[in-house]
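Below you'll find the structures, each written out as structure tokens.
Two complexes are shown next, each including chain A; its partner changes from chain B in the first to chain C in the second.
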Partner chain A sequence: MANPILQVENLQICVRKKPGVLILRGVSFHVNAGETLAIVGESGCGKSMTSLAIMGLLPDAVEKLSGTIRFKGRELPITDNRAMRKVRAAEIGMVFQEPMAALDPLYPVGKQVLEVIEEHEKLPREMAWARVIDLLTKVDLPNPETLAWSYPHKLSGGQLQRVVIAMALACNPDVLIADEPTTALDVTVQAQIMRLLKRLQRDTGVAIVLITHNLGLVAHTADRVMVMYAGNKAEEAPTRDLFLNPRHPYTRGLLDATPNPERASAQGGVLREIPGTVPSIADPMPGCRFAPRCANASELCRARFPEPTFEGAHGYACHHPVTDARV
Partner chain B sequence: MKPIRRRFPWAFLAKRVAYGALAMLVIAIINFFLLKLAPGDAAEALAGQAGTADPAYIAQLRAQFGLDQPLLSQLWAFLVRLATLDLGYSYVFNERVSVLIFSRMPATLMLMGAAIVIAVIGGIVFGVTAARYANRWPDRVISFVALLLYGTPPYWIGLMMILIFAVTLGWTPTSGMENVLAFNTGWDRVVDIAHHLILPALAQSIFYLAIYIRLVRAGMLEVLSLDFIRVARAKGISERRLSYRHALRNAVLPLVTVVGTNVGNFLGGAVLTETVFSWPGVGRLMFDAMFQRDLNLLLSILVLSSFFVIVANLVVDLLYAIINPTVELK
Partner chain C sequence: MTNPLLRIDDLHVSFRVGKTTIHPVRGISLHLNRGETLALVGESGCGKTTLARTILGLQAPSSGVIEYDGNDIAGLDRFRLKRFRPHIQCVFQDPFSSLNPRKRVEQLIREPLDIHQIGEKSTRLKRAHEMMERVGLPTDWGRRFPHEFSGGQRQRIGIARALVMKPDLLICDEPVSALDVSIQAQIINLLWELKRDMGLSYLFISHDLMLVETFADRVAMMYKGEIVETGPARQVWSNPQHEFTRRMIDAIPVPDVTRPTPPAFRIDAE
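The block that comes next holds the complex of A and B.
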């Protein structure tokens, strides 16, 4: 079963020319073919930066300090824009957060899907266009022949996100990175988009990397979950395992901070928050970056960074893991 | 794949034509009174040229030109002539006004068109280059030169270009529109006129070129930071295609608007450029008409100029709607 298609090893990303200011502090993970890996964490924990690094789309203000990203066993030349163009969309597709801003307002949506196919495959125009219509049908858009000629401002957010998904899957990539694909959408539309992604995954076998801070979404869609905190991987586990038996105090805090009517009475009707704030990326603290906010923290936590411990598929980076299961 | 055609906005066009006609009427009336406020008239100017100040002769000329009529009936006569497209007779140049203007108009339109084309194409090419290499040396060079050109008086640039390219280097003629004595025909004549056109067109375009470079650069930098550019990059398309197909078309929209409002300035600038380069266009005719107090000729040129500006703006609005399909012309 374990067939890693994407492997990230010890990825470190820093602010350009400032190796001390780390955004990613050595993150390793893998994605198996056809599975869904969710990467969760709060804003600024480095989850989006991880996805941009895989696409070779890191902003100019940051750079890779060390680490490798392997796709199907070979290393991705993420700093070589020209070489990465052949990987983008053709092998790894990406869906972004804001569907309203994701399309060029001046071209019909069908043309923008067509552009992907024309870039990566030598196909006669008519065949490429037929594929565009086929893609728009597959993402459940009504009247695809007419809709293909609509301009983005005529479509709703949900429809636009379907177009973006069609664009990302146009060349049958093996991995689809979805960076907060439903955050900007209505709740009802969110569920539709996630169902669509799962169905497309069943049909095409594409592996999905779902980046989100919505734990509810994760519980319903992901096979495995990776929790990130302040540029580090805090915990990684199969979804069910993580929700029932979180070992890292941060994961536990995140889960407890999620509204849940069944637990509300047990917690006295108060939603538990995690005290304190995320440390600055420029803060050179030597130990666990969660220690200042952690109830279990000891001198050891503040002095030395905890190496990841694995119990089967469940890994965590903590000196004093949580042991009691959640109710 | 058949695109869905948009219908031509006839209603919009009809409305704009009506507004344009109204605007021209107002422009004609305002200019009529403005010019009447200036001291002196064509009769005095002609009598002065004839070397006489005989009141009887001047009065006779005035009666002949209709200048002795009450102001309002002169205005009415002028408007009626305009409406019937009969622009009258210039006693100063001894020629029908329409003949005078239309013999000069092609030269001015050619100069103006060449200047606009140079400014727009140059603005786009250099602006896009500057934006693609933002804050690196190509951008720094382009931005510095643009600032320099922006701050230099156009007539001085014109004179310096004559000095350098025509007098010192001998690459181009110093003035005029063509070598009349060569009696060129066909293609030779086109080449000859183009040769004469280079300097004045450059001189007239340079100020606007500088503005357009800065406008396109700023627009490109803004558009390149938008989300859809990152999405397009994630599609694997090339940086060049990204710049010209996606970023530029969005960034060029404000340029189109500005060029539309600048058409009038280009026409106004023609007076200066045509004088410096002895270009036989309407600008110089207007200059001469002003000195000769040839009110009728001057008014006709002004009204015709306003006609061209109004038409140019209409064309720009239609063009804008073509470039930006989210705009609906109503």
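The block that comes next holds the complex of A and C.
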């Protein structure tokens, strides 16, 4: 196995003071140095909560029930905000979905990048500013010296996301968590931002955790994929393996429901749908949480949660895995 | 060929914002045949929503023709516009902000019938319930409020509310872009069935060319207020003619690992 830089073990997060209402139901995974791990799932599956937990940014309404998060072997003090301030940006950077919301409208963007550097490193102002300009250049922003003095509202969505990426990488973190970094952007800009992230990864060796619901992005940018459903890890596999041989019926359903002009998915309707909806987090169902929507589900599925099965690097949690490959 | 259901000719829309005038629709001509799904695809800010609002009579055009079934609808006065409205209905993007949170679902679906005084009072509720059933909502949920429904279910409410008027043309403005993939497929399939069963025509506005390729008959590509390319969906996808369409297709990551990574994503050439 490669070298895991980030390890999450049996992470359980519940609504504060309600240990029965679980948002994450015991999630374990790792991120290797320099790789891109995609975390995929639909709203409410727990993918954003996982990233907030790693950053120590859990909202007040929830709390960690159990589990550990290890960065380079040592446990992250995710409930200790002061200690986490040293970790954020310096060791783990984060890019959020809405770049406009991640920046302060009252300060020039360069100042905001500067603030990150000064929080973590004692540098003379001129050297820190030179680093800001260098970062803005690295993320391909035009005229960085002038642009650094622009306020966020003057910049386009794509430019703002580049600034946020510059902030996230300002202190050379080992891991970058990108939570839906391109969801608010047009497809051509999305491609530019993803290419920028991949290039920065190649040049700096930063590991990227890409949180997304866009399977197309995953297919072309991730090394490995973890699929989440209703607070559980449903499946994890190297990207190619996951797309060609999904074992969890939810993964298969998600792939088949995704519009894809290159395959003839039309039959009856236009797209193959997954019937039903995601269960409420307050629903204490004992078995697999996908069972009510699953064509393969049996009594066993409804009674007992499936333990994860591993075939090499490919793991899934299902009593009746899909066996036929996708054509 | 028979007359198109909707014909737009050299339509311009502009409005003043402070001291400047912006011009989001710049001479658009297009037609939509009866029973057809025409997808209007473009990036944010290209003017596609303004075009939809103009067709719906929510925004006045500065010049040009909008013909519905052979009749000019661009310059209708308030009275005539109200009488015309049942013919074209709209499903909006955000199922959270487009439903009044203080009204019960059956009231929401009935409301258009009340406004236009269609049918007897007693039968309106019955029609609302029929519509709920038609879009896959249990009728005994009619007394509930919108917040008790998920995003996909709310979009079903929006569709029921539009279709209760028995329109010929439904304008769908990004109806699934706020929804998850599995729910998106449910709504697209529902729209497809409704079109087949009720003989509807769709103007389907989207930024997602991959989605409309599987769903639309024809695609019109919109760029900076103009239509730059139209054609059968399959043809636009496989043989794009305009530079903008090509650039967009090159940037779309197809969810298929056996396909080469699109050029816009590759860093090996740098």
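Going forward, the second predicted complex is superposed on the first by the 321 of 327 C-alpha atoms of A that agree within 3 Å, B and C clash if a C-alpha of one lies under 4 Å from a C-alpha of the other, contacts with A are read in each partner's own complex, and residues count from 1 in each chain.
Just so it is clear, contacts are C-beta pairs under 8 Å (C-beta built on N, C-alpha and C of every residue); 3 or more make two chains touch, one makes a residue touch a chain.
The shown structure was predicted, so the numbers you read here are calculated from the model rather than taken from an experiment.
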Chain B versus chain C as contact partner of A:His153, first or second or both or neither: first
Touched partner set for A:Glu299, first chain B, second chain C, both or neither: neither
First, second, both or neither for A:Leu103, with chain B first and chain C second: first
Partner chain(s) touched by A:Glu126 [first = chain B, second = chain C, both, neither]: first
Which of chain B and chain C A:Glu75 touches, first, second, both or neither: neither
Touching partner for A:Thr277 - first (chain B), second (chain C), both, neither: second
Dominant toucher of chain A (residue count), chain B or chain C: C
Touched partner set for A:Lys86, first chain B, second chain C, both or neither: first
Residues of chain A defined as touching chain B within the complex: 55, 57, 81, 84-90, 93-94, 96, 98, 101-106, 108, 110, 115-116, 119-120, 125-126, 129, 146, 148-149, 151, 153, 164, 167-168
Interfacial residue positions of chain B with respect to chain A in the complex: 1, 3-4, 226-228, 230-239, 246, 249-250, 323-326
In the complex with chain A, residue positions of chain C that touch it: 43-44, 150-153, 180-186, 188-189, 192-193, 207-211, 213-215, 234, 237, 247-248, 250-259, 261-262, 264-267, 270
Chain A to chain C touching residues, read off their complex: 42-43, 186-188, 190-192, 194-195, 198-199, 202, 213-221, 239-240, 243-244, 253-255, 257-263, 265-266, 268-275, 277-278
